[in-house]
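Next up: some structures, all given as structure tokens.
Here come two complexes built around subunit A, the first alongside subunit B, the second alongside subunit C.
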Partner chain A sequence: MRAEARSGTLLSAPYVLFLLAFAAYPVAFALALVLMHWDLVTTPSFAGLDNVKLLATDTRFWQAVGNTFVFLGLHLPLQIVTALALAVALNRPMMFRAFWRAAFFLPVVISGAVVAILWNALYATDVGLINALLVKAGIAPVPWLTDPRVAMAAIAVMVTWKNVGFYVIIYLAGLQYIPRSCQEAIELDGATAWQRFRHLTLPLLLPQTILVLTLSTINGFQLFIEPYVMTGGGPLRRTFSVVLYMYTNAFSYQKMGYAATIGVALAMIIGTVVAIQRKVVGTAEAL
Partner chain B sequence: MPSVTFDHVTKRFGDVVIVEDFNLEVADGELLVLVGGSGSGKSTLLRMVAGLESVTSGTIRIDDRDITHLAPRERDVAMVFQDYALYPHLTVRDNLSLGLKLRKVPKPEIARRVAWAAGMLGLEALLDRKPKQLSGGQRQRVAMGRAMVREPLVFLFDEPLSNLDAGLRAQMRIEIGGLQRRLNTTTIYVTHDQVEAMTLGDRIVVLANGTIQQVGRPIELYRDPVNRFVAGFIGSPPMNFIEGRLDRNGGAAFVADGVRVELGGEREPVPVAAPVTLGIRPEDISLVAAGMATSPVSGTVVLVERLGGTSHVHLDVGPNRLMAAVSQEQLPAVGERIEVYVPSARVHLFDAGGKCRTARP
Partner chain C sequence: MSKFIRAILYVGLALAALTFIYPFLWMASSTLKPPGEVGSLALIPDRATLDNYRIMWGRAPFGRALLNSVLVASTVTIAVLIFGSITAYAMARLTFPGKRALNAATMAVLLVPGQLTLIPLYTLIVQLGWIDTYAALIVPYLFNATAILMLRQFFLQIPQSLIDSARMDGMGELRILFTIFWPLARPALAIVAIFTFMGSWNEVLWPLLVVRDQHIMTLPQLLTVFALGGGAGTLGVSLAAAMVLVVPVVAAYMFLQRYFIESMAGAGVKG
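For the complex of A and B:
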């Protein structure tokens, strides 16, 4: 028994060390930094609640929070609808199905910075492919990344495209679990294709939808690379996300204590939003 | 009330023939059982009526309406699946009413039919439960209720009892039979279980390899199987078979190692000396009391199974194993040499092709 306990400790040690070094320590460090002033160079000094007080009244921070919610408001519905639609489409028998599935998954494994640069080219106002197609269709070109009204929407579309393959896989797994006989039963019960989706497929995919919602919410709150590479937070700070603001404070202004405070606040916001989602969707599950 | 007609129905997957030139008319209000082993094509036939499998050639009609190429929802048939196929996210009430809602049946009418089916099946107390909160027998009843409320032209049952334990299966079998007689809805019932077929069917179709072996009332199939397959499939415990030949010496008789059964003068179903198989049901064999007139069939007892009311006596007769189902109290011991009586009137003879040559007209 003691030998077993010893080998157990030994086997779990690498992971525990990894967790301590790369999860527990940074979290503890960030929590400590909330109470510090630190410019990365000199010795940190105790700041009391200065950082927290500043955060409460920092309009730029709250604007970034608002921007991030705008992003989520556009991104979450778009992400769920596209992932679900693609999964249902890719679940049907078709030619080269494996190819199509791989094709939609590919952007997931490409670096976010690379995708951002690629979409920068697509979105370019004068020479971008998207505007070229619009012009060809007789529609006026849209300044995708320079118009404050559309820039965040353009980023939301791009992020949705990049991540859709991952969520498609989650939905495809869920679709495998819908019993074939249930699909046949509802067909005999008189359902059209849309009614089959509405009354059987969609409700039975609720667990997957909850998972997709939670994961894309957490992921969406951490929006950073896309505005950093494509817009720098502009135009008119409309795409300035919370993480971008945190990054700017940390590495442009060298206010590590304040950046850590933003990080901790973001974690609390994410936790609250996901808890609210669980509460709402959880009641839907009981229906 | 509707009849179902199969007219030269054939189903192939590529080169594999599942059902071959199937012709049958299911009468209005009849409960027809399709019975056969796995791969016999019985489920495929049912699914072709439902529209869940395409028909390669031939036509299926309900009354005079050709339904061969209609979508499932246009056929007005209801099916009870082996796994019940209840909608897991809906309550019993919603499971029963969804099909009616989709067909835009008015709400009061839905409520009336759900109440009617629930009352008939004893589901009133379960209407607000989800399927996972129900026992196997209750789920089975909900599946039947879902078919009933639709008031379809035809009921289709696809092995509905095979997921239930033995006791429940016997009970549900009785309920299905009673329900079908009350509703008088034309029903096609698929099973691999010959007991279900015998007890439920107005008529039985025995299938093997996608072709009809025999169609008839249960008792006809039991008494007069047309071939060795049907003879072995229908009846429990199954019929005994002994390979042998015919002998003309002093009246027609079946002979095999340790066996001689006189057939009676007028019957000479196959040429003398041609290979032939004798079939005799276990319940038709009786044990001859020791010291009574000698019988030409004798063997050594290898196993005695006492089931209470009846007992199964297994004996080796030459190279053949015979089983007798008897109801007497006094049973021979294992290893004992005994004589048995095989009544010639109960004997079936099958030729080398398996065809029965003693079937009564």
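For the complex of A and C:
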């Protein structure tokens, strides 16, 4: 029908234009910027592979990548274990079920900027809530955000706290699809609660675990506002994240070519890490 | 399950819930305490004071930032609902050349990490001369691929007979969309509205790049700049500023928590 084709083209045209301007063009221009020097003021100049060479040997960039892996090493297991534990605990008829769920989800709806400022206060060495509790329990206060050995761990705990409610919902959705009859059959066979979890629940939740792993990995590589507000990337650059480094290059040093190069490299690193994770977890399933 | 294990389960859940709720209560109470008292564990301040709010309000344009946030988040949400439905309607119910490619492109957009396009988008805004304008905060968010795919999925389920009879009555496509599809699609529209509004309300990295003028800043940005720039001075003052951002969200969340959870978990949006 010709009238229908005309309406369709007309109604989708604004979106097509939007995609060209704010999706296709930025992706193409990101790749072009890799080959450019540009400070936004003077005309861009061709840089050849300068940016790529600089990136390859830039210890500050690679330290930021390393920091992210430290973060993920702490955050991913913590995130999966806490989300799984809370979801399994909630997956039964119980009192106040909606309330528990809503409480765990509360930090998800709060801006990352607020969470960073709040936890900055919670972690404060002298007046923070956490150290006040420690002192009350007779333990010496810990300089959470100024000790290079614990700062990244402190941020990993905070991010886990912020996002766990989101992953609890994902696991709860998965748990709904485990048939009761399976539960009952394995129970009749005399399996303990742990055996039931280990050999029935955990394998059946593998798709959810892969999803949680992928989303929290991608989220982890986006770490920005937390170090920006809480540590400025310190102490000793131990919490400097890749996005914070990209932001600094663009905003403070006006090095658009190099900042875009960091963005492209980061996208490639994320793609590689997620692909490897999926492959490894997929093999684990076969065992 | 034995009574004993059940009791342990409830104690455990209560402790867990406390770790999520207590920090916010502590934050609210700290904003009412004078500087010397902030470190205390007590939730009820000995000498409650509104000084922190007075100082915060006087030092940076928080009222203006609140209005900016409402303006930006509402405009983006309304645009995403209207433009998103129009696009989704065309993609779901009309046949036109390039439809499959458009569908594929929309899925591809979801796979592109934001870090890849952040810098080129920023340079685009600079070249358009949009630094320190509302356009910079609104225009790049007028369409949302997640919203379009969600609405498209919903629109696909509406029976074709409704469209056919409406066309027979001489209704145009837009009238069919807004008078027949919209009332049926209310749940889907509510989900899209919540995650779009929350995403915009909480966004901070993008404003930090494209806005430097305090009078254009949205709340999360002004809050961040304020807390970092030492403008806050004391902990109580910066927490008071954070309260301005949190209170409307928590109030809405208390009444609509089911929709919030469904919406934000479904869209994979995080603040």
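In this text, the second predicted complex is superposed on the first by the 267 of 287 C-alpha atoms of A that agree within 3 Å, B and C clash if a C-alpha of one lies under 4 Å from a C-alpha of the other, contacts with A are read in each partner's own complex, and residues count from 1 in each chain.
Operating definition for what follows: a residue touches a chain if its C-beta (ideal position, glycine included) is under 8 Å from a C-beta of that chain, and two chains touch if they have at least 3 such contacts.
Small disclaimer: the values here were computed from a predicted structure and weren't measured.
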item	value
Overlay on subunit A: subunit C relative to subunit B, clash or fit	fit
Subunit B versus subunit C as contact partner of A:179, first or second or both or neither	first
Partner chain(s) touched by A:190 [first = subunit B, second = subunit C, both, neither]	first
Vertex subunit A angle, Cα centres of subunit C and subunit B, expressed to the nearest 10 degrees	90
Subunit B versus subunit C as contact partner of A:156, first or second or both or neither	neither
Touched partner set for A:34, first subunit B, second subunit C, both or neither	neither
Touched partner set for A:83, first subunit B, second subunit C, both or neither	neither
Contacts of A:8 with subunit B and subunit C, given as first, second, both or neither	second
When both partners are placed on the shared chain, which of subunit B and subunit C touches more of subunit A	C
Touched partner set for A:218, first subunit B, second subunit C, both or neither	second
Gap in Å between nearest CA atoms once subunit C and subunit B share a frame through chain A	9
Subunit A positions touched by subunit B in one structure and by subunit C in the second	none
Partner subunit A, residues of subunit B touching it in the complex	50-52, 71-73, 75, 77-79, 81-89, 98-99, 102-103, 146, 150
Subunit A-facing residues of subunit C, complex	1, 9-10, 12-13, 16-17, 19-21, 23-24, 26-27, 30, 38-41, 83, 86-87, 89-91, 94-99, 102, 105-106, 109, 112-124, 126, 139-140, 142-143, 148, 172-174, 198, 201-202, 204-205, 208-209, 220-221, 223-224, 227-228, 235, 238-239, 241-242, 245-246, 249-250, 253, 257-258, 260-261, 264-265, 268, 270-271
List of subunit A residues in touch with subunit C within their complex	1, 4-9, 11-12, 14-16, 18-19, 21-23, 25-27, 29-30, 33, 38, 40, 86, 89-90, 92, 94-95, 98-122, 124, 126-129, 132-133, 136, 161-163, 165-166, 169-170, 215, 218-219, 221-222, 224-225, 228-229, 242-243, 246-247, 250-251, 256, 259-260, 263-264, 266-267, 270
List of subunit A residues in touch with subunit B within their complex	179, 181-182, 184-192, 195, 199-200, 203-204, 206
